[in-house]
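One chain, chain A, links the two complexes that follow: it is found with chain B in the first and with chain C in the second.
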Partner chain A sequence: MKPLLLWSDVLIYILVLALCLFFLRLRRDPQTREHWRRVFSTRLGMVTFTLILVYVGIALLDSLHFRRALEPVEGAQSSEVFYNNQVTSALDVMLVGMGERFERTYSAPFALKSFAKQNMKDENGLLYRDFPLLDHAGRHLSKPAERWADVVARTLWALVFGLLISAVLVGVQWAFLRRSALPWYASWATQTVVICLAVWLVLISRYYHVLGTDRGGVDVAYQSIKGVRTAVLLGTLATLIMLPIAVTLGVMAGYFKGWVDDVVQYLYTTMSSIPGILLIAASVLLFQVYIDLNPDFFSTGMEKADARFIALCFILGVTSWSSLCRLIRGETLKISQLEFVQAAHAFGVSHSRIVMRHILPNVVHIILITFVLDFSSLVLAEAVLSYIGVGIDPAMGSWGNMINSARSELSREPVVWWTLSGAFFFMFVLVLAANLFADLVRDAFDPRTGSGVAPA
Partner chain B sequence: MLTYIIRRLFYAIPILLGVNLLTFTLFFVVNTPDDMAVSQLGAKYVTPEAIQSWKKKNGYDRPLFYNPDAAGSGAVTETIFFAKSLRLFAFDFGRSESGRDITTDISTRMWPSLAVAVPSFVVGIWVNICVALLVVMFHATRLDRWIVFVFVAMMSISYLFYIIGGQYLVAKTWRLVPISGFHAHGQFWKFLILPVLVGVVAGIGSGARWYRTLFLEEANQDYVRTARAKGASEIRILFRHILPNALIPILTGIVVLIPSLFMGGLLVESFFGIPGLGSYMLDAIKSQDFAIVRSMVFIGSILYIIGLILTDISYTWADPRLRLD
Partner chain C sequence: MTGQSTVVMQVQNLRVKALETGDTILNGVSFELKAGEIFALVGESGSGKSVTSLAAMRLLPTALGITDGEVRVAGLDLLELPEADMQTVRGERVAMIFQNAMSALNPVQMVGEQVAETLRLHTSLRGGALRRRVMQLFAEVGIQSPDERYGFYPHQLSGGQQQRVMIAMALACEPDILIADEPTTALDVTIQQQVLALIRGLTRSRQLAVLLITHDMGVVRNTADEVAVMYRGEIIERAPVDTFFRNPKEAYSRRLIEALPDLTDFHSAFEGEALLQLDDVKVHFPIRKGILQRITDYVRAVDGVSLSIGRGETYALVGESGSGKSTLGRAILNLDRISAGKISFQGLPIHSLNRRALLPYRKKIQVIFQNPFSSMNPRLTVREIIREGVDSLMGLPVAEREQRISALLERVQLGAEFSQRYPHELSGGQLQRVAIARALAVEPELIICDEPTSALDVSIRAEVLDLLEELQSEFGVSYLFITHDLSIVPGLAHRVGVMQSGRLVEQGTAEEILTRPQHPYTQALLASVPRVDAAWSPDSIKE
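Showing the complex of A and B:
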């Protein structure tokens, strides 16, 4: 086993670390704590945040990559170890080989036979056409009729296991948090559901394809789970690349005014007047040309896909700063007119100190709201970009690529519906949770809608 | 007013110049003409002579910004920047990499785009306003909260699923309309129903939610309280007091989008096989035809700037207290 560090792995861990530090710092401010308390005092806030954490957890597990050592060949002379070109992650290990049970082509959820007929030979050597049995589904059954009884029995077992695991987890949390006034029980209920589902999926996937297989015979449930990392990473990384540009330019324009303001305004009007999707498409295509012309920079296909992915995040970030910049400029203009900033000027406080101590803490809520709001729209944008052909590299699993390769399958007869449903379900849950959570954050932090101003 | 518009049009020039410079940098400095030649010719046939002849044929055999060999004004005009980018200002888009005239392509493909985009836009706004008004009637009830939840859920579904689901249900299962295609004459409306329907339904989530907040903001104003105190009925308050006042932010918010309707929808047009500007762009992106992408970027930014100017004008139109000068 040889660990493999992709650039995006490093970034995601740095990112999570930075976010944790950021929130720890925010906790020190009593007003911010009050805002967060308002978000988490609702059941919806607890449920959606737990769901988002589950997705982030899956993404983190999927970011621990390594290459398995190959079995030494019989009679090989050297003791050198060779490594598989296939990159594996900790998540693959936890899914117990779910991604390695390939079929020949399509098969329906829980099916025992393939979706397409094939030429086969019976024991007398006669050729006939029928649906072949799947290699990795229901092989343990003696009669096909036992299938549903078997599924129900295994589901019940999985439920027992899942409930046991979640009882332990919830019990530990209960011991620490039972005096808390926040509705933790909502989070615990969500955790129980997620754990039961996960245990069920892992256990039953060893015997059946829960969401069927796609054209290439890959398990659809596995592909959908692999798409989580891409979505989470894209949604956070692109915003984080955009933030420093937008905040620096916006604060400078609003604080210094004059020609700085003119230049920044000119920059963001120019940026926002270019149709976003064309700019993104053009940039991605240009990067693709660069990769194609320099193929020897990357040793595995995964690394190439990773480079393209980071470039995509970077391009999305660089092309989308104008709206946040405009917001921050406006807010800074307003704040720098207030008495406490004037007083700081009168005391001779330096510009940098005024910006750091007086301006930035007062625009943090805008940054936070934008961060949460942009997350869901970026996840949705990924699907569209992959459809256009300028998104994630097909070698790297993503929901956009799944939709793209499955879009004509609803017009088949009989209908192949399961390939789309996997991507739809995982994407819908993530985006819905993020949208609902973003609404709560905005309500809590936005002074216009919050109860910060008492009605006269 | 007229002087204001003229001044705004002059402001647009540096912005368009900036757009031009940016796309030029992207297309010619990051991706040099040599790279373009290699990717267009295919890696097999690359010889220095082949690259040179390709550059000569397509007019890329000049310096980027400044040509010291040419005499007089030719030092500036006989460059790639002048020939390929600045010509766009005269709406001279030249030819695509595959040799087609971009201007004729755009002028023929504009109409199918408009035929889909304008009905989607108008019907969409009308439906959203109606739905939002209906929700405002149930404000602060349990039903209201559930409807807002449904709006957020509708926002959380990718546009791709709306298109795929619409095609599957309406066209394949119910067989009401053709699944895709376009017809310029006769029964062309048959091909438009589904794209317009999908566009409207997909927009309800975010649109109606936004209009709902606008209506509620108005509903908290003093004049609404006064009207209620005078004994006006809730229906009358909603339609005679809240609606006209809330139309101002709605109007000024959507005016900026109107010119961009010319660009059409990328996804709708490609899924439904409509030969408009959206699918034109998509084909250009897929075949890496940078001449088309460049022209469309330029047109898109002009339309956006027109939208900004129209927004300013619509402010004065909606609120006579504002003066532009």
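Showing the complex of A and C:
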């Protein structure tokens, strides 16, 4: 086994760490703490936050990559170990080979036979054409009619397991948090549901394809789960690339005014008058050409896909800062006219200190709100970009690619609906959770809606 | 003024509670309004005077509820009427005008149209007759050339004109009762005077019953017939105006009256070396136009001001809003660049110094702003706010800084326990004390006080002014006191300068300016200062 560090793996861990540090720092300010309390004192806040954490957890697990050692070839002389070209992650291990049970092509959820007919030979060597049995679904059944009884029995077992595991996990939390005033029970209920679902999915997908398989015979449930990492990483990374640009330029424009303001305004008006998709598509294609011309830089297909992915995040980040920049510029203009900033000038406080102490803390609520709101819109943007073919490399699981392939599947008769549904379900839950959470954050932090905040 | 006038509105035992907390907001308020008389309800912010009028009109915010009492208008109890009938009462019997006319007028509609709208709702006037009626109303409230003003939008009118439009709108339906909630607070003194005279005149000519809500004793003195003092949701004293001012019964009322200026007691003129010297200072802001942002003209905010302030002296700079007095303060602080002239501090020119060279002077010249809520960063504690200047300008060891802050808080009568609080936990008066402590922290020699008391209630205003004066005798600081309110000048300033549109029209000792003003503008300002002379009679104001 050989660990493999992709650039995006490093980034996602740094990001999560940085976010944790940022929030720890924010916690020191009692006003901010009060705001967060408001967010988490609602059941909805707890549920959505737990869901977001589950997604982030999946993304983190999926970012521990390694390459498996190959069995030594019979008769090989050297003791050199060769590694599989296929990159595996900790998540794959936890899913117990869910991604390795390939079929030949499409199959419906819980189906025993393939979706497409195929030429086969019977015992007598006669050629006939029928739906073949699947390689990895229902092989343990003696009669096809037992299928649903079997599914129910296994579901019940999985439920028992799931409840046991969640009882242990929730029990530990309960021991520590039972005196807390926050509605933790909402989070615990969500955790129980998520754990039961996960256990059920892992156990039952050894015998069935829960969400069927796609054209290449890959399990759709597996693909959807792999899409989580892409979406979470893209959402956070692109936002975090955009934030410093927007905040720096916005604060500079609003604080220094004059020619600095002119330049920044010129930049973002120019930026926002170019169609976004055109700009992004051109940049992605440019980078694709670079990858194709320098194949030596990347030892596995996964690394190539990863490079393209990071480029995409970067491009999305660099092209989407104008609206936040505009907001921050306006707010800074307002704040820098306020008397406490004037007083700081009168005390001879340096520009950098005024910005750090007086301006930035007072625009943080805008940054936070934008961060959470943009996250969901970027996840959706990925789907759109992959749909027009300039998104994530197909080698990397992504919901956008799944939706893209569903284009032709939906026009088939009978229709292949499960690829789209799988991607849709996972994306829907994430975006809905993020949006609801963003709403709560905005309500708590926006001084205009907040009640406990002093007029600025 | 006399007993024969008919009672038009009777409020009895009105009680209001906050629904959520159960706090009592109004505790049994009773009074009556008589035709042709002005009844003034006086009190500081939070005393419940506005709630009284809103409750009587059933316009309370949803968080408050009326628990008891009755409001009788022409035999009807307003609190029992169905909402639909209440609508007609509000328009046709009782009219209201508010403090901020600009926000009460629709900014995208012509003012004439807005008045016509009200008439259309409540009368059958249409077309030419309607327009004529609006003109007539405009003329009655003293809007000049009403024909032209009809098509103006609210932003094209001055604050006083806007308030006149509001009054015209209120009078449109011939109400019997007018409720005026702080109608002149947002206006300059000279304009305030005219609007009050108008209200007074209308009261007499139309036999209106007026409920005047105000915090300003001067306004009461000059306008009202009868006065009631509100304190914490109750009317604690009620009397005809003359009796009230001659012989207030409650200690609280006396405090309110004492906050009025005494135009007989002045600081003596001051002799001493000049600390700050301004020579023909000009601050011009360019007006840029067109694609190339060419400078087409200048706003002459300050246009040639010369003055000098001695050590330990208080110089009051008086003028109305827009006269350039705040800009001058900012120019002395070097927050705005001056376009011409010379500012010297202790004989050395400081207007052309760069950021670094200016640092020693930053320590010596400090500032206190008008609005205590916006002059503190809401995200810092009181300790951090005061420390800012100490950190930046004084090279003190950390332990000493802490000590200094605690001592300062003690000195401005706040106590060390305030140091960990945030600005929103403090009242306006307390915040202004923090602002004073912040300015004092760097041991300045000159403090520029930019309207430091105009956002405060009357009784707190006096405390803050007293504190400033004590600190002056203790530390020997000089003040440049920027204010629009001549009434606080006598007890405070050694010398006075009067500013009008960027120029200093008159300056001299406080006594000279307040007793023998030369310039007509100073005379106008002085005439509008409310006073409590026994000889003063409200009817002597000319319209």
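The definition used in the following text is that the second predicted complex is superposed on the first by the 451 of 456 C-alpha atoms of A that agree within 3 Å, B and C clash if a C-alpha of one lies under 4 Å from a C-alpha of the other, contacts with A are read in each partner's own complex, and residues count from 1 in each chain.
Methods note: contacts are C-beta pairs under 8 Å (C-beta built on N, C-alpha and C of every residue); 3 or more make two chains touch, one makes a residue touch a chain.
Quick caveat: nothing in here was measured; it's all calculated off a predicted structure.
Contacts of A:362 after superposition: chain C is touched, whereas chain B is not reached. Of the two partner chains, chain C is the only one touched by A:29; chain B is not. Of the two partner chains placed around the shared chain by superposition, chain C is the only one that A:340 touches, whereas chain B remains out of contact. When both complexes are overlaid on chain A, the residue A:240 reaches neither chain B nor chain C.
In the superposed three-chain model, the partner touching more residues of chain A is B, compared with the other of chain B and chain C. Contacts of A:349 after superposition: chain C is touched, whereas chain B is not reached. Touched by chain B in one complex and by chain C in the other is not one residue of chain A.
Those residues of chain C whose C-beta lies close enough to touch chain A in the complex are 330, 333, 335, 355, 358-359, 362-363, 365-367, 369-371, 373-380, 385, 388-389, 392-393, 422-424, 435, 438, 442. Against chain A, in their complex, chain B makes its touches with residues 14-15, 18-19, 22-23, 26-27, 30-31, 35, 38-39, 149, 152-153, 155-161, 164, 167-168, 172, 179, 260, 263, 266-267, 271, 281-282, 285-286, 288, 290, 293, 296-297, 300-301, 304-305.
Of all residues in chain A, those touching chain B in their complex are 266-267, 269-270, 272-275, 277-279, 281-283, 285-286, 289-290, 292-293, 376, 380, 383-384, 387-390, 403, 407, 410-411, 415, 420, 424, 427-428, 431-432, 435-436, 439. On chain A, the positions that touch chain C within their shared complex are 29-31, 338-340, 342-350, 353, 357-358, 361-362, 452-456.
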